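Both complexes shown next keep chain A, but they swap its partner, so chain B is in the first and chain C is in the second.
Our next item is the complex of A and B:
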């Protein structure tokens, strides 16, 4: 089922949660809504679910206007950050809930419910917990049960609100891989909200980056990471170095380093971004240009080496990542004077 | 003292605090209650049975426990509604209503009784509206019920309110996304969650109603066999210097109340176990 969101606005008092948001969710894809908290991503998810109303705009399910349709009739599965399991029911009854509340004519028989629930519990690999109560389960187990409960009603769309947000790092990683595998098996149109860029980039088919109620960029994980459309996306996704400069003769001057830019007026101020692995460090030599800096700290832990550099003139620290072999060749130690230049850089006009 | 009761804790003092607790409860609760039992023991068995099973006394048990039970049931229903409205909705005057709920706690019960009697008398504001329909409230068992409902309400509201406040809205949203309608959501999700607190409130309102005296005697009319409550009979006996007879009635009331409250407690414990908590 495809979802089409058209020009949706939603305000809470003075706060604009959704500011003219349009988005198409394609049938069968796993889409991530990524952004800082307060960026509007949870509101958007709740609007899709029908748990939140819109001030204006439309939500179409499979081309059909569903803006005013009640949550109950939308056939969405919703997974909450804090699980929202029914405490007084066993795990079995939690999963069976959606089947038991169906109108009598559509309600499956007891044997059928039993079979279906056990099928789902097996799918989430927790069949052995059927007779327990939610408070006897770990966070990761609870969230898998919440997912099984949402799938029991055979929803046409699965919506997950920060599904792994309340879990510790290790369980998070396991669960997100598991979710990806599950989606590959079931191909149910899914949207999940996260503020964790790793999670979004690793799990999703497409990522929607949101900030202050607006969509900043939509694209595959690779697209948004390698070609950020806005300074916000650049800064939000991964570590990044920020340089201030000025445009001269079609080049942005970042210190002594000139980067060709197109379509920017002379003497406009520019900001440039380069990721740590795009930073090149060289020893000062005649004829070489670069930002003069001093090595502050060398951290050789893991497969890459992180180097903190302090540029002359008091600009913000520069972070670089080099391979271990590069470090051996350079032989850098704290206090060395070096030249720094971005190998690759993306320039935006400063606001 | 069994040492296995003592667990390591950052706040030591199990022995001292238990000792103070036992002493305190003995002085405040146990000694006065046992005095009633001891005084009763001055009657022989035949005299005791005669004192506590005379027709007039039996009629008063029926009224006291029956009206108290009914009042507690009515309070459970409407107390839940009041708590729900106070927790879920924001409206002008909410705080005032919230504070008003506690008034029956604070009001001297005699004042409540006189006010209710005046309101419900056949020439009172409410009584004159009911009179044409042939409904008499003041000076009938119905009046007893009204007084007991009045004094029991805050118990239910105040026990249910915090539980409703803690109830995550996500639970209802989850039920809705799973296709439950409003009635199903209430019956299967909200009600089971508040039921233990509701039972506690019910038990408190019930216990309070059984012991109530001040407000009831003004509105009941106190006709023997019809609208006379057991606490009033006890006072009557005291006024006739029949101390042993009065304490005998008190002992019966205490025993029945204790059994009923124990039953409610067991029911709650069973419910907790059934829901695995």
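Our next item is the complex of A and C:
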């Protein structure tokens, strides 16, 4: 089922949680809402679920206006950050809940409920826990049960609010791969909220980057990572170096390095972003230009080498990443004088 | 202390063989301090709680079992017992419903006047019971606001059973709500939200999720409420009129007998009240025990896959 969100506003007192948000969730995709906390992503998810009302705007399910439809009738599955399992029920009863509360006419028989619940528990590979209570399970198990419970009502949309937020790093990684596989099997339209960029980039088909109640960018993980649309997205996704400069004759001058820019007025101040792997380090030589800097620290752990550089004149430190072979060629050690230039850079007009 | 000892027991012998006082955890007090404090507490408890209780039963039986039995089965005493149970039977369910509703409203919603409502719930705790009784006399008494109207319609509130029930409701008002509000606030509303998303309607959420979640806290509040309802003296005394066999509750009956120098009968009746209290305490202890160990299911460790 596709979801269409049109010009949604939502305020809480003076705080604007959603500021004219429009978004289309395509049928069968796994979409990530990514952003810092307070960015409005959870509010947006709750608006889709119907747990939160909108001040203005529309939510369309499959082209049909569902803005005022009750949560109960939206056929969504919702997975909470802190699981929200019913603490007084066994795992079996938790998963069966959605079936048992159906109106009598639509309620499946006991045998059918039993079969369905065990099917779902097998799907999340926790059938052997059916008679336990939630407090006897680990965090990762509880979250899988929460997912099984949400799937029991055969929702047309699955919404997950920071599903792995409360888990430790290792379980988190396992679970997100597992979620991706599950989605590939079931193809249920899914939206999940996360503040973890790795999670969003690894799992989602498309990523929506949100900040201060607005959508900054929508795109595939690669698009948003390689071609961030705004300075915010650049800074939020991955490590990045920030340079300040000024526009001269159609070029942004970042130190002595000139980057051609279009459509920016002369002497406007500019900010430029370059990822650590887009930073080139060379030995000073006649005729070479670059930002003069001193090697502060070389960290050769892992497959790439991280180098911290201190530019002359007290600007912010520059972080670079080079391969081990490049490091051998350059032969850098702490204290070396080098020239730094961004191989690839994205320039924005400074606000 | 127990954990410290247990932890030390697991260590190799040489590790504990260092000075004797090493067996004492750094966070516990010396033996004499502990013994003195425990002794003081026990002496205090014995002097002010157990001894009076023992005296009640001793005095009640001082003239023999026959006198005791006669005092307890006296028609006036039986009427008092019935009235006390009746007042509790009406006040407790009403306050149960009110308490759940108030706690639900306060814990789940933000609204204007919420803190005012919270304060008002505490009013019966902060006002002397005698004053609460007087308030009812002022409202429903012959000289009160509704007095003439009630008299015209031949309805008796003050110096009659309805007044006693009203006074009991008033003084036991806060118990259930006070018990539930912090509990519901701590538990949050996520489970209810989950239930609604799964298709449950309001009643289903209340009966299947909210009430089971708070059941032990609720029962605890009800027990306290019941204890107070049966034991209430001040407010009921003001509105009752002390008509024997009609508007006397157990505590009032005890007072009357005592004032008439019928000590054995007074203590016998008091012992009935004390027995009710002991049963209530037993129930309360059991509920507390249940609250602390919510599910009696043994915990197995997850087999490693």
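Rule of thumb we're sticking to: the second predicted complex is superposed on the first by the 351 of 351 C-alpha atoms of A that agree within 3 Å, B and C clash if a C-alpha of one lies under 4 Å from a C-alpha of the other, contacts with A are read in each partner's own complex, and residues count from 1 in each chain.
One rule holds in what follows: contacts are C-beta pairs under 8 Å (C-beta built on N, C-alpha and C of every residue); 3 or more make two chains touch, one makes a residue touch a chain.
In this text, all values refer to a predicted model and were calculated from it rather than measured experimentally.
*Asks:* Once the two structures are overlaid on chain A, check if chain B and chain C clash or fit side by side.
*Replies:* clash
*Asks:* Go through the superposed model and pick first if A:78 touches only chain B, second if only chain C, both, or neither.
*Replies:* A:78: touches chain B and chain C.
*Asks:* With the two complexes superposed on chain A, say which partner A:138 touches: chain B (first), chain C (second), both, or neither.
*Replies:* Touch partner of A:138: chain C, not chain B.
*Asks:* Looking at A:51 after the superposition, I want to know if it touches chain B, chain C, both of them or none. Which is it: first, second, both, neither?
*Replies:* In the superposition, A:51 contacts both chain B and chain C.
*Asks:* Contact-wise, after the overlay, does A:305 reach chain B, chain C, both or neither (first, second, both, neither)?
*Replies:* So A:305 meets neither chain B nor chain C here.
*Asks:* Just to be sure I read the superposition right, which of the two partners does A:291 touch: chain B = first, chain C = second, or both, or neither?
*Replies:* neither
*Asks:* Counting only touches as set out at the top, which of chain B and chain C does A:270 meet: first, second, both, neither?
*Replies:* Neither: A:270 stays clear of chain B and chain C.
*Asks:* Residue by residue on chain A, keep only those touching chain B in one complex and chain C in the other, then list them.
*Replies:* In the superposed arrangement, which is not itself an observed complex, chain A uses residues 49, 51, 71-72, 76-78, 80, 82, 84, 86-89, 97-98, 101-102, 132-133, 135-136, 149-150, 152-153 for both chain B and chain C.
*Asks:* Can you list the residues on chain A that touch chain C in the complex?
*Replies:* 49, 51, 71-72, 76-78, 80, 82, 84-89, 97-98, 101-102, 131-133, 135-136, 138, 141, 146, 149-150, 152-153
*Asks:* Report the residues of chain C in contact with chain A in the complex, numbered from low to high.
*Replies:* 190-191, 193-201, 204, 208-209, 212-213, 215, 294-295, 297, 299-300, 302
*Asks:* Applying the document's contact rule, which stretches of chain A touch chain B when the two form their complex?
*Replies:* Residues of chain A touching chain B: 49, 51, 70-72, 74, 76-78, 80, 82, 84, 86-90, 97-98, 100-102, 132-133, 135-136, 149-150, 152-153.
*Asks:* State the interface residues of chain B toward chain A in the complex, per the touch definition above.
*Replies:* Those in contact with chain A are residues 168, 170-171, 173-181, 184, 188-189, 192-193, 275-277.
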